[in-house]
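In what follows, a single structure is set out as structure tokens and then discussed.
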């Protein structure tokens, strides 16, 4: 009889989650939408849709388009606003035993500060994930995430406003992601998560118009996984804080790639659309792998990549 | 709501239209007219997403589901090659169904092209009891005679008004033109309206019907990812106090025609 | 009876090719490898494997790996060297009526200069494509392509050495590709081609080693197409010179996306591996589209994207 | 060389091994032993690339091709689900075949695991005429009894020496151990050697056989994209003046064992 391998990981700021698998922001609503389809308590954590100070209507449709092994989205950060979130969405989530991570977004430093402040006071939020990497909004978003200086600044502001662990979510649309990662670490981030979507575009060749109402959107799904794995590999070797891997994970095998290169935890995004049970299947797939490889603790797996010389 | 369906048949009907019958392998819910399923090809990351299809008919309380679809792109093209015994992943029944008015004396169904699919199941539900004093008129429009689906079944259940764009069957022209002629009298009878079809048809219907105070439910189509209201991908612009978008997958696909910005 | 639509395009420096479809560097060898499988003369142009001053052995195997709707490669610019190319590969190609474009690579400015000089004198080469975007070599390659200044400099050097049209091939691994495009235009490029592969990585989770001998490689194939289309769309709106679209084109439909957003021509890479006839099928697919849409000249299609307001 | 193949059958053999028979639909070339085809699933971008498979057997001058494959990953997993009548894209025959020595008196075939595939066709070619004074020894190694493919056919054609890793059939141990015992005498007879199998087996074979001046051809496996020598993806490190790499798809897959850096 084998004992179950340990899967708990510390994802920064002393937040320990029971397994490394979270659901990614924007792909899991506010949790409730999926609650009849899987046991939320079996997730490592749940990241809610990006929250802004005021409700946002989002971009004009069509907002999604399918591409080879991927999809584009240009939702434009439609959300109910942080106050409505706290009043109407959070109470439902408090009924579960799963860490809730609030993904936050602002057009200005002040907005980031205010949103972080509200969530800090709310209770029932376990960490903040600072989105400085959305390719689909005109202001804020990637505007902060493209340069080390602005990225560091946002991080400092949020850090200064909250006692919660601060995760900063990085964009792949940069020449050197390690520079941004180092900057936000300096700014006080407890962890970094990557990658957000890659800016992309698709065309309706019959109508000769963009497939998205917003012209461009963000590419997610299996297509981007190799890019995400490479970036995680670059970042884990230059920062001290935990790295959360995101991008195209649809199976335990995919998740293992990230863990092996050194990610402490993962987020599952687009895969939730293909199979609402994806995240929980990935949890058990990782457990099976650990058992099969006689690893008693996931810590033995994380960062265990060997480079044959 | 997550299920696996085994293909009982996948028959070609006229003009790139197929009739797919599935038997569900897991516990299931009976779908209501207007609801849909997201159906995904197994073992593939390309195409990636499920395709939404309205329930065309169902049997054995929803254990056996019928869909009618038209080949329009890569996904439906691959669907058309599926064979008996194949398996598909399903999520559903999803979405807000048609509101049923058991007391309604006059029903008007307006279907354009593939619209027939959702209206077929609605019609079945409305006609499963004794007919009573209810009259049902089905305004059915198609591009051409070969693209009219299920006419025989419909005719058994109600009165059919037909147009084709090319005049190859029924009257030549748009179905909304035909409806326009009868609209005033139908509205006066307190008819309840249901419509599915291309956006252009629905927009025209909106123009025609707005002057009347009648209930007109329409079923909309928008690209979808989650089908559950989580991704906000299927937004349509809606009228209303807050001016936000509505999600076709869960606020719809059935809307009162007046809720939508056309 | 309809007349055949015109498909000839000028891809810069007065080089006119009979149709916009070329085969991409590194995916079509030196032409000969595919010559029994398709009529080389039916191509718009043929770009040969990257040439360096001295023969290069390339990277250690394994050199390729498959990913969702894509592949990684880390060939490491293995090639016979420019002199052997001129002596042994070019004569075969002179027997065809197809423009040959030489893709060139150097570790230093001097090497770029020398390679360009040799090809300029060789005869039978119609244009040079300057590779400043290979993610798989330690020196040169992306080292030149990541910054506007170095990119401009390489372009100037090659421009100064040759009378042939100079195409500069850009990397997607940058924050803002338009800056590099503008810099090489300033440097005297007659055209830009994009994108080269996206730096990426995949892991053998059973062995816990990278799938590539080189650890990282370049992602190509359909997976990257939406990223490539977006970058072409960004570049066509800021440079005057022709833009050649590359990335994930496997069908005429895909090629049309690039033409509609404004690419003057295209290169087909990974698709050659899936179907050696890909490029010629794409040529006829484009012709069919033009006829179906009653376009008499491909010029009417190029850049015809409408953005609904 | 580009072709489309229709599946005649795709039978499960023992332990995750399948026997696929195709009939080509376009003009074709007769493959030679050691050559292979890149086989691609139609209508898919995932998996993207063709899979290389050695010709296991062929009939009607190469119009009908047999392959034997083992399910090891996603591609072969999908192959195993293919049914009669399905279509596959083929490129081939590709690569440098085995050198045949019509005068050779003693042949030694060494196969490990799936190695059997390429050697089977080689054996057939060598035994199609009158046997004459030629002796053929086949050293066949497998993990376990269930993974030995085509033994009956082989035994009809030559003498078989068998090992399994677990001793469930033949001698327990590695096939190279068994060969080692006979090697000196085989080499003295001027035997010609052919080997296919996992890299570890071939490396060991190299160590054993280097002292002898005999011809030993091995068939290598490497990931491939083009199959035509164009992409340089299938490189293996080779010995030689220029110290460059060789391409398995066109310089091989068959090499003299001494050409390769093991």
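By written order: A, B, C and D. Residues from 1 in each chain.
Here, a residue touches a chain if its C-beta (ideal position, glycine included) is under 8 Å from a C-beta of that chain, and two chains touch if they have at least 3 such contacts.
Being a predicted model, the structure only gives us computed values, none of them experimental.
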Which of A-D and A-B has more C-beta pairs touching across its chains: A-B
Chain located farthest away, centre of subunit C as origin (C-alpha): B
Rounded Å distance, subunit A centre to subunit D centre (Cα mean): 46
Using mean CA coordinates as chain centres, what's the gap between subunit A and subunit C in Å? 34
Distance in whole angstrom between the CA centres of subunit B and subunit D is 55
Quick one: report the Å distance separating subunit A from subunit B, using the average Cα coordinate of each chain. 36
Shared-contact residues (touching 2 or more other chains) in subunit C: 68-70, 221-222
Would you pick out the residues of subunit B that each touch at least 2 other chains? 45-46
What topology does the chain contact graph adopt: line, ring, star, complete, or other? complete
Note: in the complex, subunit B contacts subunit C through residues 45-46
In the complex with subunit B, residue positions of subunit D that touch it: 43-46, 78, 81
Okay, in this complex, where on subunit D does subunit C touch? 1-2, 40, 45-50, 89, 91, 222-237, 242-245, 250
Would you pull the subunit A residues touching subunit C in the complex into a rising list? 67-70, 72, 146, 173-175, 198-203, 205, 207-210, 213, 215-216, 219, 221-227, 229-230, 233, 248, 253, 256-257, 260-261, 289, 304-308
Give every residue of subunit C touching subunit B within the complex, in rising order. 68-69, 222
